[in-house]
């Protein structure tokens, strides 16, 4: 038996890559931002992250084993990513039971009800976040003060929240910007917000690592950021007193986090470059529309979820250019 | 306040009424006449939508029945004579009795009979294995064992037997819809006449190689020796391309061919055990 | 920046273990089994029978239609029988079993090693001789060469591309041939150019063979109209359409042949066979085969008579290693795994690759995570994940609309899939079914 030859169809060699390796690369890419959040928000950030990860892993295992009756696939790393992303999307002071409920929504509703990894339509972490945001708006929007390096700029609201409130109270941009952190601070990560969204720079570094490792392609992040940047610049040029400068839009809130880590989620984004650009531009336009004209200060989560819903449609109608095709 | 309420009620009522009027006329204008008997016939069918009748599902079959002048060419293999009788009753046509059929996998190349000569490691379907090569054994005709027939069967009438390496048909559940016949890339499955007590005498082999080659690949291969053909008094057995075939419509289950087959390629099933065959088998093994 | 094709492609580890080994002549085997179908098209009809005595180079099976070729005996001896035996396709095929006795060649073959540069033949005569010599594409596709040299009405070739890419990992037979038979190949190219009446030929070679590039570049100065194009390493550059795109920038339209953009592609091995057939009167009955594998004692390049059993090659290269799990006829990306070492070498066998047990089985398949790597790896711009699903669910009309027939079966999708999905297994199956549907529609 042992000396029989194996016969299989070609190809007979296979790349070293595996689903698990890809997933862990995403995790590595999130580590700089995670460390920064612990630095800024203290051990609370670590507490929130650990609870979210543990809850996501546990729910995946339990649901797969006892409800779906399949072999649990906890070790593939996807639940770990969902857990970290979920933690990245909440303020550090959030009570533990809200995170657990959010994890249940993320894994149960967002992922496993569709059949698990690869079959979900919506990004599970965002399903969890939006579920929490709508169910517990107060806890989800009370931002603890940050321990900033250097000046003790204690912010208890996100820059976007400040802008939104200021504009709706009829203040002009120049009046509002006095209470805003500088754009450089925002870029480096000295501002209020959810765990993962504070430092745009570290998120970009993580994104570059993923680009280098070919976990993601440039299409989605660039399309999202470019469309937000262009629209914000256009409005700002027309009326700088009613619209903040594009820098605030690019470096504030979850835009970087969303564009680099959540919009690029493989399962829920389109499958070819053309489709990915359409998807990215869609996210950018919806995000900036919500930020400027909607009632929420931040819109990236909704924008990504809305475009997730369009992904199957984009996949059906946007085809890659065939070799030798017209 | 009250004016608003009145306006609202009035507007909604007007919209509702006009919609109802439009719908009434549209329904009149575009009404498609459908023979009510189609529903009735469909109701009497098993509703398995297996396609065994040759139509795309039970509804299509019901339409065909209603249109047809007689039921000679129409048969629901799943429901059998009972169903066709009630269909005939609904339509006022004469019921045509059809003989019940059952599927049979013409390969007995179990692990004991057919040694493996290589291992297949590809997508686990017969269709793909067959497109790659002839199979895990030296027999290029026999069952591949990945169970495309099992997947195709809507009635759980096929069981995969890991111990045998060849699937088995469960005669009681088989409705002879023919889905497995189409699914088998090796064309092993045959729809045969169903005998009382599910008895059958069958050549469980499709090997068309010359005797020596066939025998080398599988100890129970048909070698096309022709002994059974000579033995059969009912002309039920024909030999073509080194392979014997028993026509189930002519077979009388006398089992004489079973006794003469040198490789036990002809098998009998569901008969009471008999002594002679056991002795014969022993002789065979000592001769080897 | 070196040229390459734009769309898709992968970089499997090269593992060219036998690149430094010069071509050795394999000793004559005791018997050969020569299949009558070694090419694309109709199988040849055997013209010898049991007991006939044949010489090396004698026709033993005649071409049965235009798209078919003659088969010549590769040995001298007695025909034992016309029989069926499994070839690399995995199914028993008709062939001629010959017991070797001595090594007697038919008289008109010039057995000297001298280079013969000059020729005085018209294009038609060259095509006729190529057809008689039974030459097929030696890169592995085995399409009869004479058919390629006669373009369909209204089409004309303006460039001849010579494929020296050898993008398959492990294989080195073309590489060695380019180094050792440089002049012969170039004369062969001249003959092919004459047959096609084109005045330009480009040899495409990947950058991982700098010695071959250098040697051919030097030698091409002596031959008119021939040049060398160094190419960036990328699989599947040896694919006809990819090579044309890489060298000329022309894109063969979907469903069309290379001649539609005025190009004809031929392998370096084929060019060498053309040289031998015309200048030396030697029909195609031997070829260079790479025998390689990580566990093999002595990976080598052999000149082998067609019909020799795989086992003879493996023995000559050091014997079958103990933990061999798989034997592949061809390269690791497109070659076919064979079930037994009795399978004979045919005109299309470019290599024999032995894989160790731990690399011969596939890893467990996981669910698709829609990472779209297959889409970016596909050199034809297809969506393998979709085609796999459509084939699996047997939705063949949509598979056809999504250009399943454009698939060149290069295996880049299966290679690159992180979830180990057997994409190409299903696509190949679907392609077969769609092909049947298209053919039945034409009838």
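Residue numbering begins at 1 within each chain, and the chains themselves are lettered A, B and C in the order written.
To be clear about the criterion, contacts are C-beta pairs under 8 Å (C-beta built on N, C-alpha and C of every residue); 3 or more make two chains touch, one makes a residue touch a chain.
Just so you know, these numbers come straight off a predicted model, no measurement behind them.
A summary of chain positions shows that the Cα centroid lying nearest the centre of all protein Cα atoms is that of chain C.
Using mean Cα coordinates as chain centres, the one most removed from subunit C is A. Between the Cα centres of subunit B and subunit C there is a gap of 42 Å. One finds 49 Å separating the Cα centroids of subunit A and subunit C.
Each chain gets a centre from the mean of its Cα atoms; for subunit A and subunit B, those two points are 52 Å apart. Multi-chain contact residues of subunit B, defined as those touching 2 or more other chains: 117-118, 121-123, 128, 132-133. Multi-chain contact residues of subunit C (touching two or more other chains): 90, 336, 339-340, 360-362, 422, 425, 428. Taken residue by residue, subunit A touches two or more other chains at 5-9, whereas all remaining positions touch fewer.
If you check the complex, the residues on subunit A that touch subunit C are 5-15, 17-19, 21-22, 76, 78, 116-119, 217, 266-273, 319-325. Listing the residues of subunit A that touch subunit B in their complex gives 1, 4-9.
Those residues of subunit C that touch subunit B in the complex are listed here as 84, 86, 89-92, 336, 339-340, 360-362, 422, 425-426, 428-429, 432. Remark: subunit C residues 7, 10, 12-13, 90, 169, 241, 245, 251-256, 324-328, 330, 332-340, 353, 355, 359-363, 366-372, 375-376, 378-383, 385-386, 402-403, 406, 409, 411, 414-420, 422, 424-425, 428 touch subunit A in the complex.
Partner subunit C is touched in their complex by these residues of subunit B: 117-118, 121-123, 125, 127-128, 131-134, 140, 209, 213.
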